[in-house]
Amino acid sequence: MAVTPGAGADGGPAGEGERSPAAVAAAMYERDHSSRHLGIEVVGVGEGSACVTMSVRPEMVNGLGVCHGGYLFTLADTAMAYASNSRDDVAFAVAAQIDFLRPARAGDVLTAEAVERAGQGRTALTDVEVRTGDGTVVAVFRGRTRTTGRPVVDM
Amino acid sequence: MAVTPGAGADGGPAGEGERSPAAVAAAMYERDHSSRHLGIEVVGVGEGSACVTMSVRPEMVNGLGVCHGGYLFTLADTAMAYASNSRDDVAFAVAAQIDFLRPARAGDVLTAEAVERAGQGRTALTDVEVRTGDGTVVAVFRGRTRTTGRPVVDM
Amino acid sequence: MAVTPGAGADGGPAGEGERSPAAVAAAMYERDHSSRHLGIEVVGVGEGSACVTMSVRPEMVNGLGVCHGGYLFTLADTAMAYASNSRDDVAFAVAAQIDFLRPARAGDVLTAEAVERAGQGRTALTDVEVRTGDGTVVAVFRGRTRTTGRPVVDM
Amino acid sequence: MAVTPGAGADGGPAGEGERSPAAVAAAMYERDHSSRHLGIEVVGVGEGSACVTMSVRPEMVNGLGVCHGGYLFTLADTAMAYASNSRDDVAFAVAAQIDFLRPARAGDVLTAEAVERAGQGRTALTDVEVRTGDGTVVAVFRGRTRTTGRPVVDM
């Protein structure tokens, strides 16, 4: 399992009857075919935050010789998903914007860190930065999610 | 090859020494590992326009049971790439925004149609709509590209 | 009043007990200090659509000698407001993106046309184009609104 | 003049033949009819950063009884303009996105803080937060600018 045991430490201890962010992430990850298929790992989760990683594989390179922006978006969107579902309330992405700052290349190990802030009503905004191993920011992402009131773990 | 023979017909006949949109798309597609890997097909290209398709595979489903938004973005971004490179001038995506309107599910055959409009200087904006087989719009996408002045085919 | 008598013609006849788009727009406009102050006029409204105009005044010019982008945004946002409230259900803007394609200058008479499409639940997306008198598109805008279930006219 | 004398202190001392961020801001502000007209004041500038304020006037209230989002955008866009021109290289906004988190009301004194980060080539991204007097974030803004290579002060 790619969700590390102490991944939820940032979120503090979960109360009785509540799932910790790490428990929620583990439940999500088990059903998350797309992340597992892409080799995305969840390396940290807290309440409203998440950190995920992915290696750029040769099949992620586009016709211009660099990592397809779609994979950078997918990684950022995944980080947002784990952050926005961390309170065990299913949240869907409704919109997102990404700005590509530098190209990423095959072999790069990318890290995406997501931090959520409350929006109006059931909505939240999440900012994500995608970096290469040396800390270079290759993309910034801002997404909007909406919670449903249903728990992730019983979904 | 997924680029159909008459795909460039919309772009009109290419002049001597110029590559038709279809020829450019074919050259791109040959090197486009990510599109081939995802089963994306280029079913039409013209000057500043492109239409691509993709089936939602089981491994594209996320932890919430629907097609990961990252794949909808990737499909739209790919349509933009073929539209914005169609004049044989390498163009990179610099930013994009996507709004998710409806979920897509495993088995859906998605179509993304991209239409470009000129922006300032070397930039262009491209609007893309992603639809399921019955015509339902599942996502709308607006991206910004920037040309480099280098030909696609000699890249 | 800047809302022309036949402005709601596109929306078809309103049923008994329902307000036509033109009646809703007239009620909004009366309270719309910002539009009146800026000289914005509502020249057409239908169900989910609106067209507004504004002249670029000298005090709208920024430190770079062109119309401040904020006024282009304001005009587009106003068009969206009249389109998204046209069904007599108060809608608020929750987000918007604007791309500036050409500068506008003092004296230009700008027109913004808004067309709404349904989103998820209570949300809608509205596309707006802002043009100068000769038809040049100076900005494109895409906004997201959310309805409240409250009528505009009794607000 | 609304640009305070020490406003450029953050940017460090300007070299010979270079204009400090504060000197650039002062030159911009003198020609910035729109900001002066709206009562926007530049309360701080540094290299790639700026802080501006504005009071919500009655004429900024829209048909829904709250501050028109266009003015929140204008304030944020103005903060970006002062940040992105601070190196005495004229920069234009090419695109921007705003998310409205809370309404602002007549009488609110709003502050917008802009921080720029380098993008590709001549482009930069600027994040702006708009807050009311009690620190509540009412809107977040992300814009894209492009420099021209021309000095602001000789424009």
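Note that the chains are named A, B, C and D in the order they appear, and that numbering of residues resets to 1 at the start of each chain.
Throughout what follows, a contact is a pair of C-beta atoms (placed from the backbone, for glycine too) under 8 Å apart; a residue touches a chain by one contact, two chains touch by 3 or more.
As the structure is a computational prediction, the values presented were derived from the model and not from experiment.
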item: Comparison of A-C and B-C by number of C-beta pairs in contact, larger one; value: B-C
item: Chain separated most widely from subunit B, comparing mean CA positions; value: D
item: Centre-of-Cα separation between subunit D and subunit C, whole angstrom; value: 25
item: Rounded Å distance between subunit A and subunit C, as computed from the means of their C-alpha atoms; value: 36
item: Geometric centre distance via CA averages, subunit C-subunit B, whole Å; value: 31
item: Sequence positions of subunit B contacting 2 or more other chains; value: 94-95, 97, 99-100, 119-120, 144
item: Touching residues (chain side subunit A, partner subunit C) in the complex; value: 94-95, 97, 119-120, 123, 144, 146
item: Subunit D - residues contacting subunit A, complex; value: 97, 99-102, 117-120, 125, 137, 140, 142, 144
item: Residues of subunit B touching subunit A in the complex; value: 27-35, 37, 58-65, 68-71, 73-75, 77-78, 81, 85, 90, 92-100, 103, 152, 155
